[in-house]
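Look for chain A in each of the two complexes below; its partner is chain B in the first and chain C in the second.
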Partner chain A sequence: MSEKKQQVSRRQFLNYTLTGVGGFMAAGMLAPMVRFAIDPVLQTHARGEYKAVAEVDEITTEPQRFDWTIDQVDAWYESEVTKSAWVYKDEKDDIIALSPVCKHLGCVVSWEGSGDYPNEFFCPCHNGRYYKDGVNVPNTPPSAPLDVYEHRIEDGTLYLGNAKPRGEA
Partner chain B sequence: MLQKIYDWIDERVDITPLWRDIADHEVPEHVNPAHHFSAFVYCFGGLTFFVTVIQILSGMFLTMYYVPDIENAWRSVYYLQTEVAHGQIVRGMHHWGASVVIVMLFLHTLRVFFQGAYKKPRELNWMVGVSIFFVMLALGLTGYLLPWDNKAYFATQVTLEIAEGVPYIGEMAKTLLSGDPEIVGAQTLTRFFAIHVFFLPAALFALMGAHFILIRKQGISGPL
Partner chain C sequence: MKWNKIDITRYLGAQEYIDTLLIPLVPIALEDSEQMNQVVSQHDLIQAFSNEVEKDFTGRIFLLPTYTYLFTTDREQELPRLNEWINQSQHRPFKHIFLFTFDHHWKKHESKLKGNLLWFPAIQSGDLHSNETQKVIKDQVKHVKELVRSYW
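Up next, the complex of A and B:
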């Protein structure tokens, strides 16, 4: 390139060296701490297991609420957590298990939770409504259908896994 | 780019004199190891500060996982040590740093003592420094209990006995520290945690501020 030699003054050289060494030390100090802090974001989460929830004969065409417990490991704290689902058989005799968590702001919905809206899921927090198939009623607060539990039937028993948003299910 | 951001701020707030006042000052020849190698003894104060910064940072990060509760303290420490990435390193920095900071503090004190740098008008700064030393010891002592393992528990038992040995107010001092006249337990742990992460660091920052303002005001003592 240019014939002229790039002159680095003594002061510049010392500045660069000190900044470099200082930066290296700061990085060496902060790297483990930052990795430590962001660990929850990077940890892989174990897939939820399927849990026995109900006998298939109990399930009718009318949504019923079933509760079951899972063992939850929350870092150093292990506990049993109750989960719920609204379960019914549709016209094709397929079992549908809907998550009761409202897609608006996470309240809990109930089947026919309001006398004013028969044959719908109702969320008491902001009058969110869903049709029987879990699809949100237009012009009510929720913006998406209720999540659907993955399910499996073995020996006449219904097992439920994770609740998944409708698009992915 | 950086220069532009700096200029933009400097144009409005005139920050150059601010940081010059803090960072830009002459280092006398007798404290510069480039001139006299023996001047490395002047580094111990700065090293103490450097380790203190590590302690503050690693401590801040540790509280992301630690809980000061007798049921969960040990388990949360065990979790962050075994399950969280680099947990051993971050806790290790805090653990070893706690000892290193005392060593550095001690070397710094020795240098000031043997050079007679504490003499008038710097006695006030010597007193501030001794206070910092005691605050550091207290930080080490309160932090020792927090993992809530056997060593921590029985060390604290001993500490409380020592506090009880103070004439007249001993028993009150012990109860004040442990939160209960008899039990070393739930209240002791929360108290030690609060003292360790809020009260003592606040005192430490105030004292360090005073220490640095004084040294800048009075300047480094002259050559021997």
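Up next, the complex of A and C:
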């Protein structure tokens, strides 16, 4: 009786072991496949990431242009895109990073881009103008303030995230 | 604005502001390997140039798809077809038409063209993505942008 019981459990033992090894092997094969399948989903989150753009001590009260690149992924292409910001410190010593994209039709604005309008951002396309804080000058084509980048400072480095319409950033 | 669905929609809603048309001109060659190499570089460069200029002035410039023609065809023969593109554009409120090219053969026919020919001498470019080449291109593009602005 006791011997019979032993045989069964030996067979069971073998059975369990083989299933175990097989299962382990299958898992080893499947794991990378699952990762391939899920990876692109995970990567889309990377878009909202912050990028190191400048050292805080480079930033003055005068707006300066900083450029950096991000990898942009859309449905068909992955491409390197250059982004820019006008960055300065305001009277309260807070860092302001403005998007250079004109809110009229999307041209690139420059700080003091026109000799006629000192202390303003100027859009060369249709003479759009913005005050230093990014607010559009009334009676020029743009009807909204420049977008503001979300920012973060870590160890003396300025990181910028997404540009958001003013008031949301 | 570029030749795509999103930009066309924006363009049609704001036509009066986009008064400048940009047409890149690039020859095609399939026979001679040397020529093929040469026209491919022209294509790469003109693409980079046009995109950079369009990017900064997207609210005022409309960039058409590249106008292509056979390298071996006499430019004289191409003139009517190219001018017809420009004629068609006159149905829209464009005031300035720029033809960007690295192909010096157009220079001779400049006076018969219905747009402003901006011919650039070819840049010696091995790798378009190398930092050095990019610096040269950025520098040239800066001048081109100033030139375009001077017409406005």
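We adopt the following convention: the second predicted complex is superposed on the first by the 120 of 169 C-alpha atoms of A that agree within 3 Å, B and C clash if a C-alpha of one lies under 4 Å from a C-alpha of the other, contacts with A are read in each partner's own complex, and residues count from 1 in each chain.
Operating definition for what follows: a residue touches a chain if its C-beta (ideal position, glycine included) is under 8 Å from a C-beta of that chain, and two chains touch if they have at least 3 such contacts.
The structure presented is a predicted model; accordingly, all values stated were derived computationally and were not measured.
Colleague: Given the touch rule stated above, what does A:Ala75 touch, chain B (first), chain C (second), both, or neither?
Modeller: Touch partner of A:Ala75: chain B, not chain C.
Colleague: Touching A:Pro124, do we find chain B (first), chain C (second), both, or neither?
Modeller: Touch partner of A:Pro124: chain C, not chain B.
Colleague: Who does A:Cys102 touch here: chain B (first), chain C (second), both, or neither?
Modeller: A:Cys102 sits against chain C, while chain B stays out of touch.
Colleague: Using the touch definition from the top, say if A:Arg152 reaches chain B (first), chain C (second), both or neither.
Modeller: After superposing on A, A:Arg152 lies clear of both chain B and chain C.
Colleague: Going by the contact rule set out at the top, does A:Arg65 touch chain B (first), chain C (second), both, or neither?
Modeller: A:Arg65 sits against neither chain B nor chain C.
Colleague: On the A-aligned overlay, A:Lys164 touches which partner chain: chain B = first, chain C = second, or both, or neither?
Modeller: Neither partner.
Colleague: Any idea which chain A residues touch chain C in the complex?
Modeller: 102, 104-108, 123-126, 141
Colleague: Provide the residue numbers of chain B that touch chain A in the complex, in ascending order.
Modeller: Result: residues 54, 57-58, 61, 64-65, 72, 75-76, 78-80, 83-87, 89-90, 93 of chain B touch chain A.
Colleague: Can you list the chain C residues touching chain A in their complex?
Modeller: Contact set of chain C toward chain A: 10, 14, 17-18, 55-60, 149, 152.
Colleague: Quick check on the complex: what are the chain A residues that touch chain B?
Modeller: For this pair, the touching residues of chain A are 29-30, 32-33, 35-37, 39, 42, 75-77.
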